[in-house]
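So the structure is just underneath, and the comments pick up after that.
Chain naming follows the written order as A, B, C and D, and within any one chain the residues start at number 1.
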Amino acid sequence: MTERVVLAYSGGLDTSVCIGWIAEETGAEVIAVAVDVGQGGEDLEIIRKRALACGAVEAEVADARDEFANEYCLPAIQSNALYMDRYPLVSALSRPTIVKHLVAAARKHGATTVAHGCTGKGNDQVRFEAGISSLAPDLKCIAPVRDYAMTRDKAIAFCEEKNLPIATTKKSPYSIDQNVFGRAVETGFLEDIWNAPIEDVYEYTQNPAEPREADEVVITFAAGVPVAIDGRTVTVLQAIEELNRRAGAQGVGRLDMVEDRLVGIKSREIYEAPGAIALITAHQELENVTVERELARFKKTVDQRWGELVYDGMWFSPLKRALDGFIQDANQHVCGDIRMTLHGGRAVVTGRKSDTSLYDFNLATYDSGDTFDQSLSKGFIELFGMSSKIAARRDQRAGTGLPA
Amino acid sequence: MTERVVLAYSGGLDTSVCIGWIAEETGAEVIAVAVDVGQGGEDLEIIRKRALACGAVEAEVADARDEFANEYCLPAIQSNALYMDRYPLVSALSRPTIVKHLVAAARKHGATTVAHGCTGKGNDQVRFEAGISSLAPDLKCIAPVRDYAMTRDKAIAFCEEKNLPIATTKKSPYSIDQNVFGRAVETGFLEDIWNAPIEDVYEYTQNPAEPREADEVVITFAAGVPVAIDGRTVTVLQAIEELNRRAGAQGVGRLDMVEDRLVGIKSREIYEAPGAIALITAHQELENVTVERELARFKKTVDQRWGELVYDGMWFSPLKRALDGFIQDANQHVCGDIRMTLHGGRAVVTGRKSDTSLYDFNLATYDSGDTFDQSLSKGFIELFGMSSKIAARRDQRAGTGLPA
Amino acid sequence: MTERVVLAYSGGLDTSVCIGWIAEETGAEVIAVAVDVGQGGEDLEIIRKRALACGAVEAEVADARDEFANEYCLPAIQSNALYMDRYPLVSALSRPTIVKHLVAAARKHGATTVAHGCTGKGNDQVRFEAGISSLAPDLKCIAPVRDYAMTRDKAIAFCEEKNLPIATTKKSPYSIDQNVFGRAVETGFLEDIWNAPIEDVYEYTQNPAEPREADEVVITFAAGVPVAIDGRTVTVLQAIEELNRRAGAQGVGRLDMVEDRLVGIKSREIYEAPGAIALITAHQELENVTVERELARFKKTVDQRWGELVYDGMWFSPLKRALDGFIQDANQHVCGDIRMTLHGGRAVVTGRKSDTSLYDFNLATYDSGDTFDQSLSKGFIELFGMSSKIAARRDQRAGTGLPA
Amino acid sequence: MTERVVLAYSGGLDTSVCIGWIAEETGAEVIAVAVDVGQGGEDLEIIRKRALACGAVEAEVADARDEFANEYCLPAIQSNALYMDRYPLVSALSRPTIVKHLVAAARKHGATTVAHGCTGKGNDQVRFEAGISSLAPDLKCIAPVRDYAMTRDKAIAFCEEKNLPIATTKKSPYSIDQNVFGRAVETGFLEDIWNAPIEDVYEYTQNPAEPREADEVVITFAAGVPVAIDGRTVTVLQAIEELNRRAGAQGVGRLDMVEDRLVGIKSREIYEAPGAIALITAHQELENVTVERELARFKKTVDQRWGELVYDGMWFSPLKRALDGFIQDANQHVCGDIRMTLHGGRAVVTGRKSDTSLYDFNLATYDSGDTFDQSLSKGFIELFGMSSKIAARRDQRAGTGLPA
């Protein structure tokens, strides 16, 4: 029986050429799989037909937008996932979603290999291949661009030679990956890290510097899940989409950073993620109100490791799954309303309301009604500082103390 | 010999009353110590004379602004210290500065006790007392407001009875602590956490929503120390002051959060810290460019613990000092220029330049000149994901694997 | 209605006197609650009658040995809980067990206060009071020894005056707390930390230096739970008891350490925990065989924090409960047999067998049959070390590199 | 000019063959470098001559035993470095020592490449190559066994063909790496992880089960450095050697474990490290006496990461160097005597004496002279448990509380 290869298919030039290229290189039949994670662009049916026209023996398309929002973006919100305190993991979240569909298609069609269109110096190759090996350790992976040196010039030549139904227009100056959770842009002139980005780079966000009316929004969470906006019930997908629109219109969520890739190099990245940033900002403040201090402090360690693992392509790893349980547990009381002002590139929390709040007005107030017993503090401070005080005595004795 | 008490003196009503109050309660002589950490307000000499007029046997004043900037604010910048990812530790940094002066005065004047004007439900009492016990474990601490139930009404009565030279005007609706690194505001109506702050609350920052011209600034760091602004050499204090002015004028650095106090309660706090936020934002991005990935990842854990310790009043503790060494080491290559746009409440990095950069254009570029050997990636991915892949095989065997 | 106080009752002199003492100090009715966590000693019914004879209005006794083993000792085994890498949390585990029974009794009998017999300088007072406040925040706590200065001499006088049916023989030179998970001993001559313990101190363990035959045992775990010993099915309680006997007979599990108490001081402690140490040693090695590397590395951080929290009395805290979920998840594949030799004070693993093993003979072997593809390593090493290599290049350039 | 390759030379069959093999494969001149890290065996001069006889153009030998002890083993003692809580990093410490000499020789002789004799599935290849790339990023690395498929059979054939002056006797059944800090053994029958090791495997340690007299030793540390044994001043090397003898004679330091290799697989390892285990055990307990609690708790996180980095070959990485500073600082007060009994495979601390002790008899004692103020505890406990108590109240309200 002929070997079968499942290809992660986007409908663009590179992966369209991959269909025939893989067939020639390996003698295998190619099954194209396109997954909609909210990247916009062409209709899935058009993409499906193009795959077949380019030589795929089968072509599958899937609208995975709700799945992506519920199973991938939501845990990122619940763990306030910002890689290097900035990047909301946009592409890192979409890759495992796609991987799951690729593996399902491989099982359905009896394929032994999965192919993707990534280069050999980015993070996405790791996310695809480590994802596949953790979900289906028996499947092989190939990356024609990396493994068969399929450059863009060769791709265009192949395309023209085979008369494939794809436009081979000159490449955009920008290398872009986008989905409903955000948009990543790399480009030649931004590889000089002293250069500032220009407005032309952005699509999901308006210029924050332009004057406009502020937008006030109330986001309701239940157990860390955004469930309503301004009182209207929403799905997670709808919450992201609505906040992409509204926060995007106010210029919220632009990011410009130098980041550490898993392959060991630093790269410069521009991101736009208005909905993601608005939701994480709101979620974080609702945690401040509803999560107990020691749980919150330790959760930062968990959140950081979760973000690193997901960035590093380890979505399906045992550690990532164990951290998920912790994060779920910590979110169980993250319930209530956050009121935010979206304006001038900023998403600013101005109010919180929660039935599961740990903020106790009577303990916090300096007005009458204060129920905090201040006489407890002296003993607390004395014993809280005791081990440091004993060390200070020793240091004085040993002559290694701090000079006063 | 009569006992002597050193009092942390601000010049205001409460601590002025404390002078006589402590004398009456303890029979001790009171030495007033006022420390300028950039809080503004009255002249130190006026404050010194008032202390004497209120009955202090000695009064010492110190301009500690440079000391505060160099020894307390700078390490906070170098550790990107933001408690709960937000608060740049404004008051938490000034307390140990003051503690050091109090202890020095106690030594000089042979005092056995240190007094401060804090209440019994905040963090500052811990910062004073744990600080003193770690620096001078033999000194005792008293807090008249907490320990002798010195309420404001009683203070006013005492003031009038003794005819002290202080205005006993009605208290401001705001409870404020400020210094050159920022300003903290608490107030009655903000104790309802659903209420938004009003413009009246702010002093260090202009309204970010008002239209104005953007301000572009270049901050130069050497080993994590801000040493120049727009090419002009500055001290740390000058850097903070200039950025307070310029970032403050753009509305940068307003914070509104519910935070976890050390005494176990949650409180609502409003902060303004334009210079601090601008400097930390710039420093953080320069770290992204110059600090190796694994060092950067671990430094987040160190930074978080450093911030918690300082917030919790443990400035002079053994762990805090050991973390300082790590942070110094990690900053040794944080050298170069950061260009930022200050505008509309945002401090946005737009360029970085560094002789100690780890960003390698030739490794990062997708253009010609790329020196990254993509053939290395396959082996890397395979072994990087190996332990997770072996676990996936086991899980399939055990029937506990992930469904595909 | 008369107030009611629930007292943690041991049957000994101190808590027997507490019954009447509390009644006199507070005017309340006292309900005595005795909980069997495997401490041995008198029959529960005798203890119950003594409480009533000493003036308790009600007396409840509970055999909580299985509950203690299943709900408190087992999680400690699953998290390899060794405070300061040594102490298996013997007393720290029994306190929350007792707290749960005290709170249940308080609810049943309408009590508003819980009392315990601890002093004011140990950890157990925190474990009782923080446990109660986290389980029943409305209940008050009192500790007569600490709060009413009930010294031993006063207790004996009270006892004789009231003619209570308790022997007031001279106190043992040792202060002891014991249960099925281990035994803790403090004593006057051991407060000199240069003094070695003597044989007289020990009860659960034989002298390891005496010659005897080794004992070989096979312990079977399922999902981290010890379920069989030498092929015979056991409950967790039976596993601990059998290993207390067998490992104790070989002198396993003696500990002598200086430890950090929560109240800020260091103390010297002698422990015996033969079953606990044998079970944790076996569990740890079975984890080595069955838990994926990154999960195992992070679990050390979780295990450490879990142990600190439990030592610090935070059993019922939100963070402890969230960590429990992580630990459960990490234990799901900890299944199989561990063979150990118990001899001369040592519990040494000599064999492991597991259906859920991640040890792969074919990948590990250096003999024929090796399936490890060594050609992958070069790329792995190159990219794994890339960020450090780039930093080294920078350091050479900057003249801050390592001298070779 | 002819290229030059520096080879890590042991004097054994494999690396002797490498000399000619590398010359044939690459056309380069080979410089052999042998480093004595206390592995015992042949005289360095004999090894040097053999290298030349096998075709090396230069041969350098270095007695690096003191360097190894002072610069590599000592930091491991000071960080209580036990990978997976067991393995004292024996081989992981020797590799960077050797790397430093290889790089120095490469610089001296103008070599562009470094070669080592490791296979492609172990940790040591990473330690060599990542070490070299972090110390001398311009040097290339080759591993003939891995890169040129130099199997043992081919090596023997090469040896006989070229008539090299090396015995080609049948390989020992054991694969061994040893140095003064310990000894590692792998072997065919131990690859079945159910098989127990046999006495034949061990060389550094006597059978702990055999009856013999106990040995009592007093180890003196200054700032975490072992400086005297039983009152006699020693170097670090002498301390390790003497304790290898004395602890080894008592069977101390045998380890049998399944461990996680960096390349993603689990392997079974037998180690002997009597001196290392005795020194780390003593050091750890002296830390318990002299290091403040919060510093000690955080140091566990640092120690763990340090051990992982060193195990993973990252000795010369930026993070490892930054952690070194922390560990140095934490050791500054680790001064004093530890008395241990070495017997029956156990190294048991029985006494501690320290001028920099934080153990305070007067605070710890339950006898008269107690200076601990127990009245402080109530306030401490109340505020220490406050955040958990407030959460418990919320949980009761929300109906998600713990059942009592």
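Heads up, the rule we're going with is that a residue touches a chain if its C-beta (ideal position, glycine included) is under 8 Å from a C-beta of that chain, and two chains touch if they have at least 3 such contacts.
None of the values given here were measured: they were computed from a predicted structure.
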Interface repeat test, A-D vs B-C, C-D or A-C, passes over-half contact pair overlap for B-C
Of A-B and B-D, the pair joined by more C-beta contact pairs is A-B
So, in whole Å, the Cα centroid of chain A is separated from that of chain B by 31
Here the gap between chain B and chain D, centre to centre from mean Cα coordinates and rounded to Å, is 41
Where chain D touches two or more other chains simultaneously, the residues are 260, 263-266, 292-294, 301, 314, 317-318, 321, 357-358, 360, 363, 375-378, 380, 382-385, 387-391
In their shared complex, chain D is touched by residues of chain B numbered 260, 263-266, 291-292, 294-295, 298-299, 301, 305, 309, 314, 317-319, 321-323, 325-326, 328-330, 383-387, 389-390
The residues of chain D that touch chain C in their complex are 84-85, 100, 103-104, 107, 119-121, 125-126, 129-130, 133-137, 146-147, 175, 186, 188, 191-197, 208-209, 211, 214, 254, 256-260, 262-268, 284-285, 288-289, 293, 296-297, 300-301, 304, 308, 312-314, 316-318, 321, 339, 343-346, 348-353, 357-361, 363-367, 370, 372, 374-378, 380-382, 384-385, 388-393, 396, 402, 404
Contacts from chain C onto chain B in the complex sit at residues 292-294, 332-333, 355-358, 360, 363, 373, 375-380, 382-384, 387-388, 390-391, 394-395, 397-398, 400
